[in-house]
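Have a look at the structure below, then the notes.
Labels run A, B, C, D, E and F following the written order; every chain starts at residue 1.
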């Protein structure tokens, strides 16, 4: 009897590529992290723990990843530690490939800079791209520790691509004075919570949306496993529901970044990330079905 | 001057056996745990830490374990790692002994399967036994990882003993689709919270109740020290008050399970478990006094 | 080109001594800690992590430590491990020096007993000193583990200096029966939360206030990094706002104690402490400006 | 461009099944572990870390897993936590399948009891099987914690299958008095080191050998990541060379057990295990080539 | 059937007080520790782990604690954290009680200062007391961090009691220049190893010996669990054999100090300490029997 | 009394810049680390722990950093995370400044790539520079993870600067086949140990030497705190003595790299690094004095 090799995917993300609507993949890069690195280990850890740390069935949505979504997991990209531009190019190319096949890319970071690689591909395909951004940090600096390409500048670099009025930020509770001032003229920023979310998103209906979720928008009590925890964040159900709201937009690409297993000593943050991923995959799939 | 050996009990649980109303004991078994083991260390850790991690006095109830309860701590059972049936038998026998002496057993797990050993003894003594179950997980599968005796099947096995309509579940937020469907016809399940608790319990007044608390019903932020943390749980005061509500029923046996010190790196979960134990012992004792 | 030595201060606390209004310093002592020691490492850890774990700008107050406060960081005192009286003397002398220069001392513990050294200096200078005390524990025992000088007796010793009716406690949720009884006649204690804070403080306007914050008043979910975590505490925004309220009083000295980096495995508690420090320094500075 | 799923094997163990001489697989079971569990995570952790924690090239042997060995990695078996007999059956069946295909099974534990499942298959195929056993513990008890099937009884159960004079133990430095006495009459035991290894093995030339390596034979300084560390063990080069000596025998099956990643906080034990595996795979392959 | 409370002793140290030759007890004090505290948890941890982390049988000596020694474990003293003199008094009184009953005290620290309490009692009873001292650190300062009573001054304080030429140090590899100079005139110090041990001890035959073992004499690779690890130490077998050599002297009291479970994340140091304790108890008992 | 800010230097490295012979500084960069990052925290951690984890006096050399060496500690460079070239430029400029002032730079990594920045400055000043390299890894690849600038290529890049026959490697025990083959023609490599050290160094007398010590040359048992631990390394005294041998050459610059506090959970590796630094600073200073 011939034995088989071990194929590892996130639980419930094991559809064939050709049949999948959504493609999950990992971008395990954290070279620009200024404080505690470790986000590189996130997608691998999520894949390994998913059979134990989550069910494919959601009691919130009464939907199941096995039956109600069609997701392919492409594994992790081979990024180049210490070579930011090469890494962004690898992410851009892989994202473009998924877009060309008519599927939705859902990237798992890594640090937040990986978003730029994906947005480079998205903005080429969707010139009218808007970005919805959940985060504790504004990430709007022009330069950080001497470089323009950093987790702390990533939304500023995205702004270089999409321009004024296209970035909508929620949950922000940290930044320096300068970037907060710059934000007033160039992006739409809501601090601390999601209170303004539904009202804001009305104006985005139908437009192509890239949705980037920096998981440190969560309070460190529920999500300690991140490199730069910021007290005073939202809780799990806040974020779960806010992501569900966004899923009803025309989301053409998304990411979840900044889980750092190295900072998640007890493992609870990995399980939080996995459940948010399950809920988002299910609600996005349902929304896409309903639109058809 | 003759010196004495070191007797170790949970703080305030040092009454003589003959005088005690309630008997605390540990069932340090976790062989069926599928993800992160370590619950075996819970009762020992609670015993060791109790003099430092809690006071015997409750500022919530203005009662004191030294004066207002009469609890004996029997130490830990000698379970058989890897031999599930033998271990269940040991638990059943010990529980039966306590029941025969007219006392209330309060077992500290260990993983959730230990509940079955206690319920085997309880159901023999109380044919009309009802079970109140707080948990993040339904634990209603018929089989798990190839065995019918598992932490994930334990309430299903209890159902084999007590039958339809006798199990009342609260706080459930994880399960597979099949067990959720099965639950509709056989048990009473309330998802996510305790909103329906008081109303539900009215119907249970006077009936013999076994009360099993899987501590992972708590949110992982307040209780990270458990093998399978589930985001979106209740908080400390929610659970403290819900346990107080149950204490007014005719509780003839109880357990607290699934604290895993191996997952509780900072030690906060052990102290949470100890305080919930103190509060429950005090409110149960008060309720029993008031009934007399 | 001559190179410079490394001067380390808490971020934004780098004004010259002569120009500073507020003097931050560390009292890295934890010899009387009865459970998990490690608070000795707190001020050093806060200093090292501050450039990474916080911004100098507050999005809550729209103020910046660089521009809107004038704080000197004096480093850590050389305390004497195991010699409580000598250590208290060192703290008292250093505090007195700051007071003599017309500045506000803000001490970073260390365990809670260090408060006594500061209060000894404060009470000499301000005979009508009142103490506002945030804590999970009453700290009012007369003796603990055989000594009258302990983290668990510190407010009792402060009472020896300031007398009845001068101590106002908030957030208390742990103590033994005796100290709770004693409290009724000698101090003003509000349990569990800050609901009564604003009303209570009205009576303290204009009086010299020493403000001591035991960070374990926070819930262990948001602040696991402390030696004796107590479930059921306040959250970050509760405490941040309550400290802001106190900053409007005539605060002539303050401390933040009981961060224990040894218990803060993931590092989130250090960042919580830093942010509370920033917010308090900014609101205290603003309040002092407004009074002038 | 069609994307591919992620196949995960131990580095250099990615040959096709049909072409492979040696089949590595994981038996992630640790239900009978009496002290610190966690060995279940070993084969998965080894697989995940192998691309980073080791090279395929050995500077000791000047051989490379890519070129000089032909190894297939079958992933992990789906064991049944808490059901020892079912798990042993799964291991036996999988081992038998490999033997039937004329390949050498190399099992990665898991706890030491998994050896019994493999030996059950081996002893059926090779009635004259001999066992070479490296371990800190004798593992010769007849019963342990009330069960006859335990990590502490596993070699006794193997003796039930192969009989007197067929088990050769090295490195033993822990046991109870009874098993040590029993050993004198039934097995060949060398305590503490490998001094007698080469001389002893001369008598085993040509005979079919099952080789079981409990990694706790290593000193805890170099191998802390195991559930029951025993001071006074051999060092890395001792074990590496001793395993090389055994590889020249007619090894028809082998295992490496008792790595526990849960106890290997810094990760050094996983890398030690991987390097020993590489060295053994290479020297075994070379020995097999040389015999042909 | 009446149930029993849980008596906890170190494995094999459960003889009745009246029958015991040797009395083990814990002195869980570490208030003067200047770097990483945690030694206070050592005796409790040793007690809890002993049934799992060691056997009562020694394969080195072919002796068993159950049969070949008679040891009583008195549990832990109630020390006074932060009050050094009170704590030393408690230790002295307890030690004196044991001496008065004709038994040998074997104290488990705690930090090294606890030795002073025991030596105070010993020196009163045995005016010609000699001290054999194994340690990485000289511990001969006259003052440390402003106090004369510290882990770093303890042997100097013992010298105050026993005088010149009575202290014999082995394994020393750290100290400041001043104490090293002082040592030349007042004690016998051998650096780095035990090479001079046997020769030196010949001169001590028959004299009453207090034997103090600071476990940090071990290399940090085998004993990381200590507050001030010093590279370049002896290994397990070196220390085991050296302690055996000392056991042949007239040892009238002994201690093992400076295990710090807080620094022993993987738990190997606790097991090393337990095995050294077992070996020393057995060889000391054998030597005493042989002398009779 | 005016208070002073906190100046933090490594213990005993607090001489004035103008008077110092040797300049220690930190290069806290680890962006190209492919496995476990964290080396960025090394120099800061060494500075913070040095007053507690080491003495200024060496019992090996009977010399004291306070009296027998003249070392300035310049703190940490502000490196650019994720921008390798910018970081190398910062290191080169700082090193050049030290060389221009006639002092010896001693850089503390960070990952091994930082060596390249220093060697760029050294090779410009000393065209006949030779490099002595202690390491577990050859670090001679031409490319790694898609970049030519990596910790795994650093000695190859140094070879680009100094050419054939100028690099002398010791302790190497890991590499891929290709780099091992390349090494034969271009560098002098001794595997596993320092046996050939003294003989080899005879030929280097008088020549300008850059000495780079990757601390993972140590066995992981004594030095677990590094990103890529390799079993089978040298022990503390081996390395201490080998570094002493090199100190007698004309060492014009040096570094110690790859301590990763994130991997050094118990802290023993930081103390090992500090002691090796002390020993090397003292023996280098003595050798320089003796040459004058």
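The rule is simple: a residue touches a chain if its C-beta (ideal position, glycine included) is under 8 Å from a C-beta of that chain, and two chains touch if they have at least 3 such contacts.
Computed from a predicted model, the values in this text were never measured in an experiment.
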(message) In terms of touching chains, how many steps apart are subunit C and subunit D, taking the shortest path?
(response) 2
(request) Averaging only over C-alpha atoms, locate the centres of subunit B and subunit C and give their separation in whole Å. (result) 39
(request) Between subunit B and subunit F, tell me the centre distance in angstrom, where each centre is the average of that chain's C-alpha atoms. (result) 56
(request) For subunit F, jot down the residues that touch at least 2 other chains. (result) 34, 36, 219, 221-222, 265
(message) Touching pairs of chains, all of them, please.
(response) A-B, A-C, A-D, A-F, B-C, B-D, B-E, C-E, C-F, D-E, D-F, E-F
(message) Applying the document's contact rule, which stretches of subunit C touch subunit F when the two form their complex?
(response) 1-9, 14, 17-18, 23, 25, 44, 47-48, 72-76, 97-98, 101
(request) Note which residues of subunit F are touching subunit E in the complex, please. (result) 52-57, 59-60, 64, 219, 221-222, 236-237, 240, 265-268, 271-272, 275
(message) Give the list of subunit E residues in touch with subunit C in this complex.
(response) 30-34, 36-38, 40, 78-84, 86, 113, 145-147, 149-150, 262
(message) List the residues on subunit D that touch subunit E in their complex, please.
(response) 34-36, 172-177, 180, 191, 219-222, 224-225, 228-232, 263-265
